Each structure stands twice: as C-alpha cells, then as structure tokens.
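The same chain A turns up in both complexes below, where it pairs with chain B and then with chain C.
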Partner chain A sequence: MARVKAPVEEAEQVVGKAAPRLDAEAKVRGQARYADDLSFPGMLYGKAIRSDRPHARILRLDLSQVAAHPKVACVVTPKDIPGENVVPIIYRDMPLLANGVVRYVGEPIALLAAETREAAVEAAALAQVAYEDLPAVFDPLEATRPGAPQVAVPAAAEGGNVFNHMVIRKGDVERGFAEADVVVAGEYRVGYQEHAYLEPQGVIAVPEDSGITVYGTLQCPFYVQNAVAAVMGFPLAKVRIVQTATGGGFGGKEDVPSHLAAMAAVLAWKAGRPVKLVLPRDEDIATTSKRHPGLVRYRTGAKRDGTLTAVEVEFYYNAGAYQTLSSAVLWRGLIHAAGPYRIPHVKVDGYSVATNTVPCGAFRGFGSPQVIFAHESQMDELARELGMDPLVLRHKNALRVGDETATGQRLTESVGLPEAIGRARELSHWDELQDEVAAFNAQERFRRRGLGASTVMYGVGMGAKAPLLDKAGAYLKLEADGSVTLAVGTTEMGQGAQTVLAQIAAEGLGVPLASVQVAPVDTSRVPDSGPTVASRTTTVQGMAVLDAAEKLRARIVGAAMEMLGCPKVVPGDGRFHDARDPTRSVSLAEIARWMWAHNWDMAASGWAEARPVDWDAKTGLGNAYFVYAYACHIAEVEVDLLTGETRVTRFWAVHDSGKIVNPETARGQVIGGIAQGIGYALMEELPAEGGRILYPTFTAYHIPTAMDMPDEFVVEFVEASYSGGPFGAKGLGEVPLMASHAAVANAISAATGTRLRAYPATPERVLDLIGRGA
Partner chain B sequence: MHTTGLAEIVRPRDLAEAVRLAAEGGEPLAGGTDLFVRLRKGVERPPFLVYIGDLPELRRISVGESKVEIGAAATHAEILASPAAARLPILRLALEAIASPAIRAMGTLGGNLANASPAGDGLIPLYLLGARVNLVGPDGERALAVEEFVLGPGKTALRPGEVIRSLDLPFPEGAPRAYFRKVGRRRALIIAIASLGALLWLRDGTIERARLALGSVAPTVVRPREVEQALVGRPLAPDALADLVEALSAATRPISDLRASAGYRRTVAGRLLLDLACTISPGG
Partner chain C sequence: MRIQFRLNGRPVAVDVPPGRRLLDLLREDLGLIGTKEGCGEGECGACTVVVDGKPRLACLTAAVQVEGKDVLTIEGLSEAGQLDPLQEAFIETAGVQCGFCTPGLVMAAYALLRENPRPTRDEVRAYLSGNLCRCTGYAQVVEAVLRAAEKACPR
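Moving on, here comes the complex of A and B:
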C-alpha cells in the first residue's frame, strides 16, 4: 500500500514549472530513432499472411510458392510456434496464428520473413488458402440474437457471443423514475475511432544471448514480455523488451505490440536472424485495434428543480472477434456511464459482444467516450426540457466531497468539479456569450452558432477491475559527478511522462531538473511498473519515483551533513547549505564525489502501490477507483445551414487533475485531447462492410488539422489536491478527449435546434439534422 | 496489394529531350503529389519516369499584357507568391484551398490539370478564365482550351509523347469579383465534396455577367452556362437568386462515393449560389 506523502513544506522548485520536454530536441532535430529507423546485421522483413474472410474454416493452407520465393528465408505456421499459440491479454482466446478457423478479415494465418520488404509483400501474395466460409455476424445486437453464428470462443464468453455483461444496481431505479417530474430518453450511436498515431506499429525481434530481444514502438513493455515468453516458451528472463522512441500510442500500442512482437519473435527464432515487422498504414488501420463502436440507450429522470433522481443505461460495444481488452473497456464504460453526478437510483447494463470484425481495444478514454456522448446529451436534453441553463443543471448535480458516486463510492477528497464548472462559466463569460451567440444568429441568414458544455469524471488508474497492475517501481542512481539517472518501467509515447517524472525526481531530491537523465525503457534494466495506460503514470509511477527520491535524498543529506559537519542542511541553488550558516555549502557534484569516494550506496529503488479499491460484480457497487479527475468543457460551434459544414470557433477547458506537475505539457495534453475529440465528434469515420474496413487510408479517414482547431481556446486548471499522488497530482491524459467531443456535439445540437444522436457529425449528417429541425 | 519499388527516374536536359523520353513511354513527373499515390497503389506502372520538375522553361511564370503564362511545372506555392496570383484573385483563392503548405510546395498547376480530377481545385480558375493549354509533342506544338483538354476523370486529350508546356490564363475584361468555396469534412488537406468558383461582373449591385464553375459534381468541372445567363440582370442578393438554386443543382451529374452521396452533392452545389450572394458584397 502506498504511503501518503504530504506535500513538501517549502515551495516547489521544479514541480509546477513549465519545463521543456526532455525528448523535444531530439524529436525536433529528427535524431530520435523510431522502430523503423533501426537496422540489424542480417535483418529480415516479416509479413503476416492474413485472412481475407470474416469467418471461415481453413481447409488447406499451401505455402509452397511462398517458401519457393527466392528471397524468402523462412515461413511460419502454427506448428512452428515453440511455446503456446496464444496472445495472452486478459483472456487467452486469441491465437497468435489462426488455428483452423479465422474469425475476422485480417486475422494472421501464417508468417514469412524475406530479405527485403518488397519481397515479403510479393511472397505473401503467393499463399494459397482454401476456405470454407462460415456464417458471419457483424452487428453486436444481431450477434446476441438466438441462432446467431457463434463467434466468441466459448471459454472466453459469458454466453453465446456476449463476452461480458456487467451491471450497476444502485437504489431502485423504478422508484427513482416515479419520483421524477421529467424523464428524457434517447439512443446514441458511435462508430470506430482510429488512433492515427504518427508512427505505425512496428517491432524488430533479435535472437541473442540464448533468448530474444524485441525492440519496438509500444506502451506496455511488460505485456509484450509476457506475450513473447508465452509464445516462445521461454522464461521471462530470456525475453528482453526495449522500447524505441514511440510516435504516439493513445491506447493503440497497449495490447497490439504483444501480438506483433510475438509474431516477429517466432520468425526470428526460426530464421536465426533479426526480423523487422513494421505495418504499412493501411494494414495498421485495417487489422489493429480501434475504439469500440457503441450503441447506448439512456433514460434520465429529474425533479422540476433539476435534481437527478434516476438514470437507466443499456449499452452494447462491438468487441470484435476476440476479447483482447474488451472486458476492461466495458468495465470502465460501466463505471463512467452515469457521469459525474449525484444520482440516488442507477441501473446500468453493459454488454461487450463478439462479432466477425477486427478486435477493438484501448483508446484514450477506454470505453468512456461512448457513454459520455450519451450522458452529456441527456443532460442538455434535460436542461431544455426543464428550461434550465445547462451549466446550472450540471453544477447543481455535480459530485462534491462527501457525495456518493453511481457505484456507491463515497468521495473523501479532491473533487474539483463544481469549481471547474464555475471557472469555465467565468472564463467563457457564459451569460454574455449566450447573448453574443443569439445576436450572431439573429444577424446571419445562413449560419448558426451554438454553445455546448460537458462535464466528466475519470477514474484514475486501473481501478478495481485490475488492481494487481496498479503498482510501479523506480530506480534512481546518483552518478559520481552529481548527475542522476532515473529508470522506470512506464513509457514515454509523446505524452510528456519522462519530463514529468524527471521533475518529480528532481523535486524529491532537491536537485535541478537538468541533472536528471531518464534511462531508456528496457525490461532487463527497469522495474515492472505496470502498463502505461489509464492516466496512471504521473500518479502511481510518480509516487514510486518520489519514494526512491526520498530514500536517496536522505543519503545525500546525510553525506552533506558529514561533509559540512552540521546537524541540518537545506537545499538551494543546486547546493546543500549548512542550516546554521548558509554561506557554508557543498554542491551536489561534491557530495556525489564524496559518497563515491567513501563507498556509499548511491542507488535507491522506490515502490508505489495505488490505494486499495474494491467492487462487487453482482451489484456493481464499490470503491471503483482510488481517485477521480474532472473536467468541464465549453465549445462554440458554427454551422453552415447551406452545407451542413461545422467549425469549432471557440473553446474553454477547465480541468481538475490535482496538482499540475508541468503546466505546459498538461496544456499540450488538453489541446491534443480537444483536437482528438473534435475529430471524433465531427469527422472520423471508418466504414466497414461484411467485416471489412473499406478505406483504411488517411485519404478517407480524416483527423483534424491545425486549421480545424478553434480560433480561440482557453485552458485552465483547478487543482484539487489528492493526498495519494505526488505533490497532490492525479491523472490527466485521457480526460481532455473524453470531455471535448461531447461539448462539440451539444453545441451542434444547440446550433441546429435538433439533437445529434450519432457520430460523426459530417456535413451531410448535419444538413440532414438541419432539415429535420426546420 | 502494395506495389513497392519505384520505376527509374530519368532527368532530361531540356524540354526537347523530355518530349523524346515521353514519346518512348516515360511518364512525366513534376511534383509527384498525385502520381506517387497511383504508383504506390500499383494502378499505374510506367516503364520509367521523366522528371520535368526542374526544367527552367517549365517553371516560368510570366505576366503579360493580356494574360499570365504559367509553366506546367510551376508549383502552387510559386504561383501564389508570384504577381500572377495578385493579378488573378480567382487563381489565388483556388490555389490557397489546395491541400496544405507542404503539398502546395510540391504540387504543380500543370500536374493538377494533367490529373484531370473533377475535384481538382486548381482547375476551377482555369475553367473560369477560359485558360488555354499549350502542349508540345513529337509532332510539334498545339494549344487547346481547357474544356477541350479535360475529357473525363483522369482523362485528357494528351497524345502519346505529349507534355504540357504551359497554361495561358487570359485576364478577364473589367474587374470581376472572384468567389471560390469548397465543401469538405475539414478545413485543409481535403478533397472537395463539391466546389463552386465564380467571376461576377457587377454594376450597382446588379449582375452584368457571370461565369460559374462547379467542381466534384460531374465527371469534369462544369460551366453551368444556362445559370450564368440567367444571373444576368439580377441583383446580387440571396432572395433574388433563390429560384436558380434548383437550376444550378440540375447542372450537376454527381456520384455517391466515400466522401458524400450524390444527393448531398446536388443539393449543396445549388445552395453555394446563396453563399456566393452573401460572400460577395455588392458594393466594394
């Protein structure tokens, strides 16, 4: 259990400061080495031979022409897998290579490695596969009907194609609706969202030292290590995972690299040579994880004064053909389904359903954006029904310290939501803003502006579904010259974690940030810190870094006292001063040299475990997460009534993520989340037919450009300190995306005078809405 | 399936050699922003490529008394930075809407024309200005009106071995007002779902003459000449043009594709006339 760290008494020197990103210069200069930049002597290029059927039995797999290709060095089928033919994630239903049956278009069937990338592509096309097509199902609701084709591996499903059905039963929802004066109901639909990280998936497996090393772009090195060990039948210690500079993850590199790394490892082992497996963009979009498409049915009841009495939610997520992370995604959706509100009666039923489609997985927000679209639409529909200001309605029902969440968790500290709503109201000049928008609309003939708000909560960390993973270790080493090496098992993927963790280390040690160097993540040299997911790194990993820093600092201070011959020292200007006579001081370099010369232990390891959580699957009640982050967003959107085109004109975002360790990287996270939310709400769409992604390219899949960002945006933080986080910090990474799309959606509804019930709000769909609103 | 590996790129000394190489089957390459996409997809497999992008005679932009002549390999960015764009507001409006700064720095107006996509933003001003396309081939030089040059999606009147040398953009008489608008899912880096460009000659708020060009709503860019005629004599105001919205829609022959339905394209193309009426102020 993590010890509670009181914030240090003196004002912080490094934490809370806008330090430049440690990785920025190398990336800007083009010096950072991404997976595809690496090359090894004798390296081959791997390629998966994939199913082109959504559901079929493999009658015959003839790879003779593939193997006969002059540049093919090695071919792999399931019988070549030295260990188990499984990609272990939460369940063990997904094989590394299809075992007789394929369940989605793009499922790997066999592998090859060739001397060149071009030859690998050529050779893969020579595979002859004879299939017997099986009935397939692509829609989650159809997949739950009796007689639907069985997609789910039975051992991994609760029944039929329902992978998981999870519930919350709080109070008596029928009573809650009976007590309501007003009830609103609606059905909301969302499709895929693709991560669109700049760097596609890629790994290189290198057989060495009687084991295997995998270099790759990834978020969770210890997941990858576990998967490669299982597939190779190796002890974990023979599998080394090295993270390369990672060009974005957003959840897309949580579980997928395990599959890729295990494929590359089997190929490399059989060939006895390094194998690079980097996915081209279309293969990446078509065959790797995405945000779950969802259908959410929602009903909300309230008193005439706006007090919420009941919420009833039923939602379905299309999980794809295998479990991967869907049970965890569903659980987060379940816990977040009722929103950040005080509601006495709550009934939620969430289903993740297997279909013959590419497995969905983690994506920033992890199952929450789908239900947030619904609950935030409902709040606006309710406000309209009640004739109330939507911000007032949200503020009135917002959770406060002492309140119970939808799972009956009593919040004991760090609930900055009411303050965030209040601040967003002030910053946007909400009342004047309404008048401005009304004046604009009165004057313009073919344009309408609308305002939309959203409020969200986010359970920081893994939560009660996976508490075993919510731990972290850190190694700190004082070098003989006073510089400091920090090693952690969580990863930098562009989110700024390295910088924030180095700031925590520097603050904890009382040294300047410039003296801290963060080591590359290599599973043979860093502690298992759990996965880099769930906005947990600053909080949980940060506590482990602080733990190590405090241990090492005690020794530094001890050495300084011995050197100065005084009972107390104080840090300042990168030196340690005699507390009685500050003119006497030693530098960190002098202390380090002295410690080295006196054979002192100059390394410390830190450990942190998240505070305990608990949850009862039968009732859905419990302390789901150790703490929550909150946000309130306001969007102003302009709609062109002639074309249905939309434009986000202004945006206000206020977040409570506790203490902000680095205001500049935090601001970057918020702005990035706003962009990704604008994309989700307005333009990102990946149509599929018969289980096939039709256009897996950036020509067809549009993410926002700089031009699509609001003309003006304001980002601010209210810092409701959390006693279980370093210097009071909570998580931030996912929250901005979660809040932004819903504010944009509500603004479109306000502008068109109708209700947007499906994403994305493309010009054509908005024009249709306008037509119905008129 | 991906096709990898690039055909050999040959660099001619001058235009004459470029024409000779093109006659041998080489595919002219300038900015490559469309060509490389097709090569990568494997839909086109030329035996070799002829890089004409740095031939000085194809890069020239000259402003004459009655026209601007733009070399086929002048990039969008170069044209935008040249006096040609200042003299022809419609050219500036359309080229600024192309893709992104990086693509505008690579892509060429000649290439945009040769690509002959009905969605090519650069084609709209060529249709509006009545541009002529100067060609050079094994049998010598000839010139075609842009409407004769573009035959359909990806289809042009180019004969084997022929290369676009330059484009002549005549200055319109008087001082017409320019309008360009493209509809899409985002505000940059987007292929138009529908677009409308216009030149309007106004006197005292009344339309004296009009030229319109619609993009992305037919196999080629379309000049809806009946609507152009019908605009003459009308005040430039949405209410005065409302009855022509249908007529403009009727001038389209759209398809449904991944970007939008035919019905949406038809509706929006007509309605852009109202946007035009609001965007161009009758005074200034």
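Moving on, here comes the complex of A and C:
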C-alpha cells in the first residue's frame, strides 16, 4: 500500500498561535455588558451606610429619616439578614453589617435601596449614628505591642492582633551566616497599592425562581455563591451567580464581590425587586481591598564567590480589621520570601496583623511583591559588596532542576530560570548596555541612568495553603451544526482566559478555533471550579477543558469512523479524514448533524485537579506548589537629579511560564504587569491618617499613563514545559508585576548610587536619596 | 429643558434637566451603554466621546452643552456594522484586555487621527495620556493607533 501523507497531527494547530481574542470585537464595538450596563425592570439602587469611625461602639442607629425619604424602598439592618450576618471567606470574622462595633472607616452598618442612584446617595446621608469611640491602632507593629487596642475578633486570631504568624525553618541560619564571607542587611517598606481596575465594583441581585441570581463584575463566582447562600440562609442550589463582562480584577474582585453581592441580595430579597449596587470610584478606593502595606527585614549571607549561604527574613503585613484573605496572602509571601535561589539555611517569620484599617486582600502577586522588593534589593546589595555583576550573582544561585527550594521542595522539572537570565542578558546586550549607561552618566550633569535586574519565581495555583480549591470543571457541547459551546467555571477579567481556554478546547477537539464559543460563567453550568486567582486558570482550568475535549473528541472520531467506514481518522482543515485515504473526509458540521440524527450524546464534562502538594506548618517545609513559573526582568531608568523625577526608558522581560498558549495575549499580560509594577515602584501612593484614606480619587492616586511607559519593550518567553499542564503550560498572569517593580527599584538605586528602601520612588523620595547618597 | 443635537449622525431631540451629565443622557436615557464611567471626575477618560470632532469627557459635560452639536460615540463608529480601521487595529494588536477603557481610548484615538492623520509614536502617547488603562500597559494600544493610521494613509 502506498504511504499517504496524512494531515499533520503532531504539531499543535491552535495552541501556541497568536489568535485574536474572542471578546475583542464586542469590546471595541462598545457592546460588551459590564455590571453597570445591565438593567432589570423595577430595579432599585442600593447603597451602604458606612462607619466614619475607625473603632467605635454603635450606641444608636436611627434610620427613620432614611426610611422616610420618598424614594427609599427599603432599609436593612443586621436584624433583616435572613441567614447569618457573616461574609464567609477563609475565616468567618467579618460581618456583613457591623454588629454593634465598627472596626474600620467605611465598614457597612446598614443598607438602603432607592428608586434612583441620586436618591440613594441623598438618603444615605440622612442616617443618624451615635458612636462611642474606642481606642484604635493603625500601625501593625504597634498593634502587636502589649496593651494595644484589641482589633482582631479573637476567634480569628492566633493571639492579640496577630492574625497569623507563619514560619520557615530550613537548616540552621546561624551556621549559614557563620559560613558567609559577606552579610548584607536591610529594612524595606511599602504602602498600599490600589487595584484601580477601570470598572468599579458592581453587582445586581435579582430575586427570581424562589431563589436569587446575582450578576456582577467578579473573579470568583463560587465564592460569591457561598457568601450569598450564607447571608440568605439558602441552599447553594437556590443561588446562581452570573459573571458580567469584567473590567479588570487583579485580585481586587476576588473577595470583595462576595461582600457586595451579599448586601445586594439581602436588599433585593427584602424589597422583592432587583437591586443594583455599583460603587462610585471614591467609595471603591476608600472601602475595598488593596495590597498589604508591609515592613520587611532581611539578612542575606554569601561566600566570596557569591554562593548564598543563609537568608533570614522577618516581615509584617498590615491586614486591616478583618481576616478576609490575609492568611493566604501571608502564606504566599512566606513561601516566596527567599526568592528563586538555592539557599541551604533559611529562616522566615511572617506576621499578618489586625489594625483599624480597611481590610487588605488579594492583588496580583498576592503577598509576594513586598518580599520581592526586599530580596531583589538584597541581591543587588550583595553584588555590590562582592563586586560581582548582579546578573551573574543571580544566575549563579538560580534554582535549577534537581535543586531544593527554600521549603525543601525538590524541583523535578520545568525550571527555566537560568535560561531566562541568560536570554535577558543577551537581549539587553547587558555588557554593552552598562558601558552605554556609564558613558551617558559621564557626560550628563543633571541626569543619571541606571540599570536594574530582578529574578522571581512564582508558585502556580493555590498551593498547599488551599489545595481543596485547586480544581476545575468544564462542559463542552457540540451543537447540531458543528459549532461548539464551552462552559467553564473560571472567569475572564481581561487577562485573556476565555481565548486561551477556547484554544485549548479547539486543539483538544481538533477543530478550528472559530467554531468554539465560550458561554458566560454561571455557577449553574459547571461544578465549583475554585477561584480565578493564583495564575491557575490556564493550567488547572485548561486541564479540565482538555479532559472534556478528549472525551468529546473520542465520540466525534467514533462518529467520523462510522460515517467514513474506516478504522482511523485524522483531523485537518476543520475536517476529519480517512487515515488511509485523506481525500475522503467529513466536516465537523456533517459529523454533528449525523450524531444529532443518531441520538448520540453530544456533550462531555471535564474535570481537573492540581497535582498534590503538602506542607508542614511547624517547619514551613514541604512541596508548597505543584510547579513554579520564573522570570528575569531588566529595567533602564533615567533620573533627573534636579527634580527627582524618574522615567523608565527601556525594559526587557523574559518569562518561563511553560508553553505559551497565545503569544499575543501573553505579551499583553507581561506589558500590563510591568506597567502595574512601574506604578508600584514609582508613583502609586495612597496616604492614610487615623485609618482614613485621605484622597480616594484618581486625581490623587496616580497610575501610569501612556507617557509613563518605557519607550522600548522586549518581551520573550523561554518555554520550560510542565508535564502537568495543558500542552506544557504553567501560569503567567501575576509574574510580570512581581518582577518588574524590583528591577525598576534596583535601576533607581544604581542611577542614584544609593539604596531605595521604600516605595514609591516619588520625586521627593528620590531627591532625598540623592541628598543622602551624594 | 429640550435640546437638539446630532448623535451618531442622526438628529435627536430630548428633554433633560439642566444639571444632567451627558454621560447619563447617553447611558441611561438613550441606552448607549458603550460609553463607560470609570471615575466620574474627569480623570480616567473611559467616558470619552467626540463632540464636533474633539474628544470630550462625557462625565464632565452637561447634556445641555451639546445643543446643536455633533456627538459621536463608540456605537456610531461602526454603525453600518463595518468596523472602523481603529477598531480593527485594536483587535489585531490585542490592544484590548478587559475592554472597559477601550471605547474611550478608541474615541480619543479617533479624534487624534482626525487632527493628525499620521502621528508619531510619541504624539500618540501624549494624546492618549488622559485615558487610563490598567490592563495593557498601553504598548499594544499605541501600536493599534499607529497601525490604523498607517492603513488609512500609507506613506
């Protein structure tokens, strides 16, 4: 028999290609529907009446004037909550509405719903609250001192105001420091970072079908379902959460929507009408989660040749008044504290502390950027002490396959860090670049350039802190015309998940991407798929999609074989071909029609669970995450010595996130993350006083504009394949932010010849640095 | 108060209270939800529309101010169903992520290209610096605008 060349099956057809985003057209037409774009007949506008005290007992709450407002339809106090007065997150310490005591400025006390947005605002101002102020504390170190006011709900804290204290004890740090030739030490401080997603928080609760449906801009529909069921006292099956188009999340829409949705649900239930609750920008900035302010102390020891011997870390995160996600944020900070390096002796102590401030929560990087600023500064300080090139020092200590992480986890595969460092060096022409910068600095009087590098690792997925959440379900349905509907339980918030998951489905099915449609995420479609966080969607949700695709593909192939009367078929050009004679083929539409006409089951569900992890809280040792992603960033900055202004001029970023499913959206993730990192390092500052965010507006809180971005970007991927991810993919979303700010900080330190030890590097702070360094 | 103006090429006449924002007139009274509210205080640019060829922030513009004017919103840009080259370019370069800033950015870019059909990269960055985007880091947005300019008037 003559060998017939079958259409290629080995090379991936859809995965690895820069397919345009599935949601892009609706978005550029202005047709995508975000939370505030939806309306329902009879809809009311909800509003929270919030505390204006950081810590106080509520003596009297008089809502008679609120209720008497002609446009107010209903008012809710804790006694109107049909279920429990709690927003269940990791702990159950946070009430939906303050229970006699308020613990932060902005804490909700009561709710109202009115006929118009304006009336809701007017009516909220009519509430009369009498408080008895209690002593308050705002600084985490002060909050840990004996005699500090008790902020934390005792059942949710390990002791006093310490919500959690977590440790790593690996080897013997004292021995490690004794073996070191050089030791550097430093203290680093960071403040809040606000998510500044462009679409503010918003939900609409609609009472229907003897239950409740909530539509909203959110990352974690199953968290919201759980919270709404708890406050309503409903079985989960009576609560349906539907995600609207979501205008950015970055962690800010991880836990906060649970609180908002639960408020809207209680209002809607009492009023018997749909209730929309959209936060104005100032309320959003003032009362919702942010990146934890942190204080980080480091000591790093190394041999003369640069080999790291020991790292000791102590860090404090200001958690705010309630636990929300702080224990998980702290844990990720802990595991990432020692950086992507081989270090025999490690001691880490992390504390998250309750204060009378707005609860902090998830923000891209999730507790790691604070410690990364510190460990990457330490690496540069060490390089300087040793007279070593900072990239060489990093490369020398970088984790490789076979090495142990700081938690004693042996890395068995997929460690692309050394290669990423090497590639970043090549792409930036690091050595020539140093000369160029030196020449510039020699000839300029009032401007200085500097180069900075950073390397990071990122534990993909929930890790050993929350392995029960690291799962996902998917549902794939072949329609009778050959188009395909995909339903998943993780969300699109701008990162491109929908497109990447559709690519995985198309590849798995052997069909063109154009035939796949992704349904809006709805908790009634697929099983609890965990949260859309931790850069886990491509990996874990992707595996669930692949599982469904493989099941459905078996049936499609079975049908095609019956139709063609052949023992084997191969896909190609959107058709399935007889493997012996590729000229004989059937289209997907024909197969679908045939399956439909023969009463075949045309749907398949998929399931995936992350690979096992384990961790011991006493020693802090174990297999913390199933795999890690890595990156090396290099930034060039220019500092104006007269004004203190800093501009990032050029940027190089090399990432190992395993197989890249969509290079174009991946590039967007990287550049977008770099922008947020530049903001964190240079300009994002949210001052607070007495527990009050002073200027909760975009006028005062500056995020980067197009003018603040580097003139030149180079982004590249080294793809160290991971055997547990779809087509070898790991996670990417958070990593670019994590690496970028530290490279910028190191570049500023290089340019000014001193050491930046606090963010953001505003002109005043830079002038101060120059003053001290000169 | 009764006002008349052209909206996406068609004449409209509506009654609005004097204090009503153009943004609310568009979104709530006329159902044109493509124009977004990101801050309501003139800082983010998500509400950008084009009035008589110039970019305007609909959250800071009183509805009565557009009396007799020509207002173009994102919906009007592709009215016959055909995407504007700018919209196509945003899709091609992945200049869209969450998309919430996109209508405002596209409208600002539209106004730019009317004023300056072949802007340089720096001119694009400067012109768009009033439009915040938290997702993209702007590189692919700027590429989209340059690509659309190139297509509309190749050099």
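Convention: the second predicted complex is superposed on the first by the 765 of 774 C-alpha atoms of A that agree within 3 Å, B and C clash if a C-alpha of one lies under 4 Å from a C-alpha of the other, contacts with A are read in each partner's own complex, and residues count from 1 in each chain.
One rule holds in what follows: a contact is a pair of C-beta atoms (placed from the backbone, for glycine too) under 8 Å apart; a residue touches a chain by one contact, two chains touch by 3 or more.
Since we're looking at a predicted model, the values are computed, not measured.
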item: Partner chain(s) touched by A:Leu767 [first = chain B, second = chain C, both, neither]; value: first
item: Touched partner set for A:Thr643, first chain B, second chain C, both or neither; value: first
item: Touched partner set for A:Asp37, first chain B, second chain C, both or neither; value: second
item: Touching partner for A:Asp305 - first (chain B), second (chain C), both, neither; value: neither
item: First, second, both or neither for A:Phe446, with chain B first and chain C second; value: first
item: Partner chain(s) touched by A:Gln495 [first = chain B, second = chain C, both, neither]; value: second
item: Between chain B and chain C, more extensive residue contact with chain A; value: C
item: Partner chain in contact with A:Asp481 - chain B first, chain C second, else both or neither; value: neither
item: Which superposed partner A:Thr699 touches (first chain B, second chain C, both, neither); value: both
item: First (chain B), second (chain C), both or neither touched by A:Asp616; value: neither
item: Common interface residues of chain A - those touching chain B in one complex and chain C in the other; value: 280, 699, 704-707
item: Chain A - residues contacting chain B, complex; value: 117-118, 121, 125, 280, 282, 445-446, 640, 642-645, 647, 682-683, 687, 694-695, 699-700, 702, 704-708, 762-764, 767
item: Contacting residues of chain A [partner chain C, same complex]; value: 18, 20-21, 23-34, 36-37, 195-200, 245-248, 250, 280-281, 493-496, 664-665, 667-668, 671-676, 697-699, 703-707, 709, 713
item: Of chain C, residues touching chain A in the complex; value: 27, 32-41, 43-44, 46, 73-75, 78, 83, 87, 90-94, 96-103, 106, 124-126, 128-142
item: Complex interface listing, chain B residues touching chain A; value: 1-2, 4-5, 37, 100, 183-191, 193, 238, 258-261, 264, 267-268, 271-272, 274-275, 278
